[in-house]
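Scrolling down, you'll hit the structures one after another.
Paired with chain B in one complex and with chain C in the other, chain A is shared by the two complexes that follow.
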Partner chain A sequence: MNGFSERAAPRRLLRLLPLLSLLAFLSVWHLAALCTDLLATPLDTAKALAGMLFFPTSKVTLLHHVWASLCRVLAAYALAIAAGVLLGVLFGWSRRFHDYCYPIFELLRPIPPIAWIPLIIMWLGIGEPSKIAVCFIGSVVPILVNTYFGVSRLDPTYLKSAKILGAGQRALLTHVILPGALPSILTGMKVALSSGWVCVIAAEMIAARKGLGYLIIRSMESGDMVHILVAMILIGSVNFLFSWLFSKLEGVVCPW
Partner chain B sequence: MVGDIHVKGLGLSFPQQNGIHEVLRDVDFVIHSKEFLVLFGPGQCGKTVLMEAIAGLLPPTAGSVEDAQGSPLRTQELCMVFQKYALFPWKTCRQNIELPMKFKGVPKQARRKRAADLIHLVGLDGFEHSYPRQLSGGMKQRVAIAAAYAKECPLLLFDEPFGALDAQTRLQMEQELVRIWQQEQKTVVLITNSIDEALLLGDRILVLAGSPSSILEEYDLREFPRPRSLSDRPLLNLRQSILDRGFFENEGGGDLRCE
Partner chain C sequence: MSDAKVQVRQLTKGFGELLVLDNLTFDVRPGEFLCVVGPTGCGKTTLLNLLSSWWTPTQGEICIDGRAMDPKTQNLSFVFQESSAFPWLTVEQNVQFGMKEKRFPPELIAQRTREVMGLLDLESVKEKYCHEISASAEQRVVIGRSFALHPDFLLMDEPYAQLDIKFRLHLEDAILALNRSTGSTCLFVTHNIEEAVYLAQRCIVLSNKPTSIKAVRTIDLPYPRDTCSPEFIAIKDEITEMIKWW
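Our next item is the complex of A and B:
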């Protein structure tokens, strides 16, 4: 009994630790803001955030900016999953397809998605498609690479076993190859979501009328410190939320 | 339906950096319909390779495997339980067992019913929804065996199915296998490197050894009544005479069961 309560106390303390470190961070921020004019105080930032929720900045409210960025990322993400999984499975499945096409992919892969922006704007203009395209490039690469590795590293015994149990090509794909590669595909999808989010911000910083990337660049142009901070906080929070949602999802779709 | 199966002049080699590695040469034998045939041999002698060749997973370099009509075996007619438990980790116990029926197009209702019967047969009631990682080695192997039965094929191939089990579970599973084999009237080919297992289970024992390996000896055990016990005098004599032949000489000899 005694031992139990002795151990329970520090555990409760441990749970408070993240909160304490957050508090410390905010205090340092606050002090820095008071002593210099390099930062706005956390309180001012929070006030600005609250204000922007209800009053439009650049014609739309804050949630609209978030929503605009989100839509671009998710549209690109859906396309990237479809294309990445398809190509990844093909690369892992067909020796010949791999030998013919993988070198091209290896050649293009080292070009950062952001370096594509000028070319894409020349091709697609500055509308929605160009932003979606940049995010797509950022998202498709990790999905493709991870799917490919997942498929090619599948234990050959599974393939033999499926063949012996009477699986046709299609059953092999749906019951063995895809589920076998799923943990790896999910890892790719997790990285891709983050990378897509980074890309959308970059694309919006160059050409957009709304979105968090636009918000941050516009605030910079008008020297508006609080709004830069608000945008940064939101960009971080959304990405954090993505990761959190994803770790929940992994347990649901991959229960084994 | 398959009747007797003829393995004729089977040879199998793998290419290597320096030439080829010949694993099997001139392997000749018959698998009689509905018998319990044991393939017995030392480690690395090519037992798995031979079984995969029979199952059609490895194309032989020479010779053939034919049914009574002289045509090659079809995948629908046989099933193989692998040395490594080849359950799909992403499917539950029941889903693993239902899989071959699903591939065959058996309707859902019938699948459920048959899977439930098989789960009961291998004594896994209550574990229908467990994933393989939640099962012990012996339980996983039972699921693999149940999945093989679910395919409803006349020829069952077992590659050292009990190799990784503890002695107690192993004995129990061996008896279970004999019971199911008698009940369901199948042809069974079982690989083992344990002479005791071979003696307890086989109608006939074929010894595969040498390098390259071929069938060196055949023992007929059909006159030994079942259930068998290793304390029976005649069985012990046979065991001794097999050991005296020294098929395992390059391994220090004797039974590998205690490894």
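Our next item is the complex of A and C:
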């Protein structure tokens, strides 16, 4: 056997590692469920998931619940990207803007998105905007912070070089600062996506009629553990899918 | 009227009580390759920061073609000691960066890109990003990007300091070829006396702080220079003797 094949075999085994870890996780879950009544088995959960795909739970099917949550997360995410990148660039680029506004941001940043819920209800009511607002607060912070660090930590040699090569202020922003900070911005966007999913559960506590968070709250009220597990698995799976897509996108837009 | 491309007159820079550069006056002729050498910490980088307009002098003036130097209207370029190739651009895009910013016509950009990449042996890696090429190739990209503009005045701050000796020799020849083909006026700062003697038509030797010009040595050896020739060694020893502080 040549050296290449010797190395190729362990590499193939390495690819199976995620599958092995999933199997181990399911086994532990199954064993734990056998020991107590407080946890449904993976098989029961899978059966419930299959049933919920076709039969309505709380008046709509599972895919409707997923879609409702997804729309809230993505709407908030789009707003968070626009606001986070804009403010992050301003914080990183303008010393004056940074000194003027950053202390306020630092003051607001540690407040958890959930703590805003009462105020948001008072301001925006209990409709869709309030749910999107909670997700927005959760998503905007990682994007803003990462954009700010990406811009402020950009090697000054790049800026000096671009200036001396003839770049004006606009070209500096579009041809140097934004592409230079892009890896950091993308990291912020990736974190923000997960953060948005975390917040949507809290947001759907506000008089929602559909959504995965709502499903969890309803199932908790009726003591339906299997449905809670189904919703939790779906949140994890959708987020995993988005993270995977994001990693692929990162390779395309940021190949360096 | 002087035939100098760049005129530096009574250039002085101090930081509070500390006088770093004291009354430097020299000319750089059109198309000339001028090296500046001096002991470590004598203010070579300060001189470059003034010549590139990053800093303003305490006193004195710098003129290009008889006009006060202004990077906005004059074609200046700078090669830093550390690599400044943009990692988000390919080799070819890096070389074209300055030309595109200055809105050169597309045909001229294409022609100069070919010319510079050919001279610096970058054709085979033109589609690659900087993390995919060697440190020496990366520094060649930066040098090519500057020369592609055919700058009025090109400043270089020990661009080979991070490279090992075999790449240095190769790059020194490439830089001389570019200087000849573009006709750009170059000022090259280095602490490596052998490098200065290999490259320069004239060499300015700086003193310790407060820094003044100790000597201006014309090096009239033919190119390519033989670093082992007695004449080369004699000039190198002469400059070393001037820089010696011990």
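We adopt the following convention: the second predicted complex is superposed on the first by the 234 of 256 C-alpha atoms of A that agree within 3 Å, B and C clash if a C-alpha of one lies under 4 Å from a C-alpha of the other, contacts with A are read in each partner's own complex, and residues count from 1 in each chain.
Convention: a residue touches a chain if its C-beta (ideal position, glycine included) is under 8 Å from a C-beta of that chain, and two chains touch if they have at least 3 such contacts.
Please read all numbers here as calculations on a predicted model, not as lab measurements.
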Fit-or-clash call for chain B and chain C when the two complexes are aligned on chain A: clash
Partner chain in contact with A:Ala202 - chain B first, chain C second, else both or neither: neither
First (chain B), second (chain C), both or neither touched by A:Leu62: neither
First (chain B), second (chain C), both or neither touched by A:Ala80: neither
Partner chain in contact with A:Ile121 - chain B first, chain C second, else both or neither: neither
Which superposed partner A:Val140 touches (first chain B, second chain C, both, neither): neither
Those residues of chain A which chain B touches in one complex and chain C touches in the other: 157-158, 160-168, 171, 175-176, 179-180, 182, 254-256
In the complex, chain A residues that touch chain B: 157-158, 160-168, 171, 175-176, 179-180, 182, 254-256
Touch list for chain C against partner chain A, complex: 52, 54, 71, 76-78, 80, 82, 84, 86-89, 97-98, 101-102, 129-131, 142, 145-146, 149
Residues of chain A that touch chain C when the two form their complex: 155, 157-158, 160-168, 171, 175-176, 179-180, 182, 254-256
Touching residues (chain side chain B, partner chain A) in the complex: 52, 55, 57, 75-76, 78-80, 82, 84, 86, 88-91, 99-100, 102-104, 131-133, 147, 151
